[in-house]
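Order of writing sets the chain letters: A, B, C, D, E and F. Residues in each chain are counted from 1.
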């Protein structure tokens, strides 16, 4: 029995509210249960040194949490003077995920920076960031297309993510904080809307898991992601 | 004529939505025109070294901006590795302001940390942070009182703030970003709801101002603050 | 009764010794009671990015304290790895103050950096830094004028500063450390020699103050600054 | 055809030389093709705050590369002033992997720190670090057992890791640098010697991969890890 | 011929003014030609961890330069966020030198921190810091003795330092900046007043030197230090 | 009697193994007793700003220690966020020493970076780094010569270093860690193979030493260095 009473493969209620920020080229607020993340996409003409002059585009991501997004107040990373290892890991994951389904030639030599800021956390913030980040990216690209700055669309398929894990011996989808903090193994899956894999991360803490368990988790993750991708498309077209 | 069409001493539309965060002891979202700030108050038993054993309480504040809260994306301070001078100045100001109307004996030896995070900026973020921060603090103290942890109320009068300045040669109240970035002088006033002064900061950039101008600005600031304090009381009692 | 026996509106003995540094384009040692600050002005052809190509000049300031300038030895900021918030606040204030009475067109596209280093502290170091910093700036500009590098004088009126506050319930001018550390409110006023305002900062700690008190403090500050400005002119012409 | 001429599922020549450091409680040099990593295990009585008083042990890991371990000299992280995101990610992965097959009760309240320093790099350094790190850990634990400090053995099964990926459209095992820098997807698998999973990381850059590809890679990784685990046991018993 | 017209083994004019700081337990201003250093000694009851409970005392030193102490303005180390390698080297040297002639048992378990801040630099600042630092230390110890806190004097003999080098092919004493910046070899000698050696540092840049040259430099350094030590004693007894 | 049973002027067994790194232009492993240092030389076309356009070359050095190279595990400097003062001192010393016998005109406008990484430490690591660093540099320069990139050889004579000190009242050569940590004075001498001096550092801790002692130490250092230089030449020509 899950603390929330959900079925093993049941997602939490979720929604994506587009265009929540008046300054950003693309933005949304994604809510996954009590997890809330503001995602913005900023289009810049300035690109990182390693692509200068190549004509190719780039998408990078940054991630942060408000100090009291969590149950116990976290120290502000700007005050600590550096980003925690977990933060760096997550923003690298978001960037890699968004680039997997990006046509860098069509984007042209520009950089889009996706910021994912967690307003309230209840597990699954990195997955919500990828899912919402893609919507913000999609909206920013739409704006470029409408402005006539792109001749073809660099984004083919939606990119979405969901967590899975082993909680109380059971294989469960979309862990909330109560489950996540007690899970023997947890994983994150990033896929395209049509079920191609982008990133698989499964990680046991203090125990191991079997090939059969892994296979089953990928199955239920794929089903969850298909639902999420529909929501992404709906909100990006709203 | 102001860019927004407002009268010289007219505040922007504003609202305070209490209890926006499920984790914090007190919280609100304050909106002042297009400026939006989430304020949370965290009650902690751990106090700074300089008050340990004194029986006195403490209130401190931290301030941050989401990278795309501004028109041009700002570099994330956690990534830069330190807080900008402006950030440090503002959080010292918020803390000082909230302590001015605080009875540290009644609060007892505990610390309340007020976090003010700007979701969207259009001028006046430090004033909105003080005003909203007081509401979050008020709500957290209410919770302590209801829990029977305080024998008397450490907060007597609301603390609110508003900006003033000289824009296009005119004395104006509550500057938005378009005015602020072009003002020859801008000031921030922090007062209690009944018009006592807590902090006066008036600062010219590249010019000077007269005693008469200063006197007039304090007058209109006092009127603005009286309206804001009513709103604070209403939302804290909601 | 003030600890020093001074009258309420009486300045401490003060002096400005020009040209104390053989390397700097302008320099002075300012003494305000037991407070001693070395101010130097460095003229550089290199300007900050935001004015490059504009033809306009810039004045910035830096501030520091020797570790044993204070009664209790302070940790060296270079060893702590960063400047304290108070330091950053003060150097921003000094720069802003010196720019208020500066004609940036006449200065031309160059930067003058004013360093204010506190050799011994007894209250009022930021005000002494502004007052002495202006003299160092004046001397450096004089040198540029003598060298024929400026066609008109970018400095019109002297800029000086003095502190005021409420000590033991009394309104007092030019607080020394014994008063400052015990004041319920303290303020700093920056004005031109002819009484125009540049910066007003009044800040209560744990209490509030009235409009009448504020008005009276500005009065006595203006009288003090007039005397200080005379001294500035005398030493810059010496 | 692989650049090295290896078969698709063929490991590079590898060896583990135990006891290469006279100071450390456990140590080895692991060579995997031209990749060379020195692993040391340090036993300490001091434990991280979160396990103090619990009676449970802890294993953590740190990772570094000599500046010229790589083809192009890398900047020294101590000189850059911080560890790169990649470094932090890798050391978290090593620690988690080694803890997965650790009985923290048997270890007792002590911490073992495993340092993995890359002397020469040619791809697969994180996998070599996990594999060699386990041997250093095993040797350090053996020493504790011989000294009578542990009543039961906290390490049950060897932990080993190997990389896989898609190179030139082919599924390959144990990528060297030439393959790794050109792979469309690369993964790392951490398993116990008997084939239980600890960590799966598969990550596409700029493309996606299918479920079938993933399944096949896990198959060949499992075969590789079985061979590596035999070598670990042999060298730890040498 | 030396730029200053001095003889090869001639010191610059020098003076030591004691008690220049009202807060410090011991202090002096040392002037060596145009080099000026303020040295203060701070007595603290708090000692570094490695001597806690040993009953032994400690002397440490810190060193800094005002930004415009030099001909070209130097970046403030607090703003750069760290002390330069040169700074760290010098403060370690000063501390070691002052401890060489210190009876740590007689001092008792306390720490004296000697701060050497260069107000104006013209070569030889590290030597001036050692020489002046010893006087500040001597004065602080005198104060402890007068207060009855020490039963025997922990300082036996004065510690002084002087620079030497090879300039324009000649062996010279006490290099000023013009010589120092052009010297093929420069050295620093720290000795007690009676000619025992504490530290010898001779360092060639881009060339080598002979044993005979080294021997001669030590001879003239010893003569210089004897004169300096007399001045130290005179000023400490003033 | 020395802990190792060596005669007072006896070197530890030592060896230099050239070409230990497949990536670096020059490299060696130097072993001096139980001290082991990997030295690599990296040739770069990019030079520091201060020599750009001069046509002159530069050699710089960096130094590091593996965390468990020492008896007690040291904190990793990359994790501490900065290099210790000792590290900075040593790398400046290595660079200066290698430049002393370098013809910067013959090298041409390029930079060679010498990295010295201590794999295992038992005293004398800075001397081993200089000695091994010269061999790595020699091998890198040989490669440039063979490639026809240099018209004359910029390296004339080998540069080697050895430590000396006063241990248990005796003058000893090549201190190991047991001696070094207990020495009343220790020194490092850097010389060319034919006995010219490059750097002399003699440093007493808590005591002083005489001119006669210094003279004797330089004598035995010279003899040691002559033997070391022979080994350098042999390994560089191997």
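Basically, a residue touches a chain if its C-beta (ideal position, glycine included) is under 8 Å from a C-beta of that chain, and two chains touch if they have at least 3 such contacts.
Just so you know, these numbers come straight off a predicted model, no measurement behind them.
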Practice task
List the interface residue numbers of chain A and of chain D, divide the shared ones by all numbers used, and answer same when the ratio is over half, different when under half.
Solution key: same
Practice task
Would you kindly tell me how far, in whole Å, the mean C-alpha position of chain C lies from that of chain A?
Solution key: 51
Problem - For chain E paired with chain F, centre-to-centre distance based on mean C-alpha positions, whole Å - result: 28
Completion exercise
For the pair chain A and chain E, the C-alpha centroid-to-centroid distance in angstrom is 59
Practice task
Would you pick out the residues of chain F that each touch at least 2 other chains?
Solution key: 81-82
Practice task
Please categorise the chain-chain contact pattern as a line, ring, star, complete graph or other.
Solution key: ring
Fill in the blank from the handout: Circling from chain D by way of chain F, one passes the chains D, F, E, C, B, A
Practice task
Sort out for me which residues of chain C touch chain E in the complex.
Solution key: 21-24, 27, 34, 38, 40, 42, 44, 62, 64, 66-71, 73, 76-83, 87, 113, 115, 117, 119-120
Practice task
Spell out the part of chain E that touches chain F in their complex, as residue ranges.
Solution key: 82, 85, 88-89, 92, 96, 99-102, 104, 187, 191-192, 195-211, 214, 218
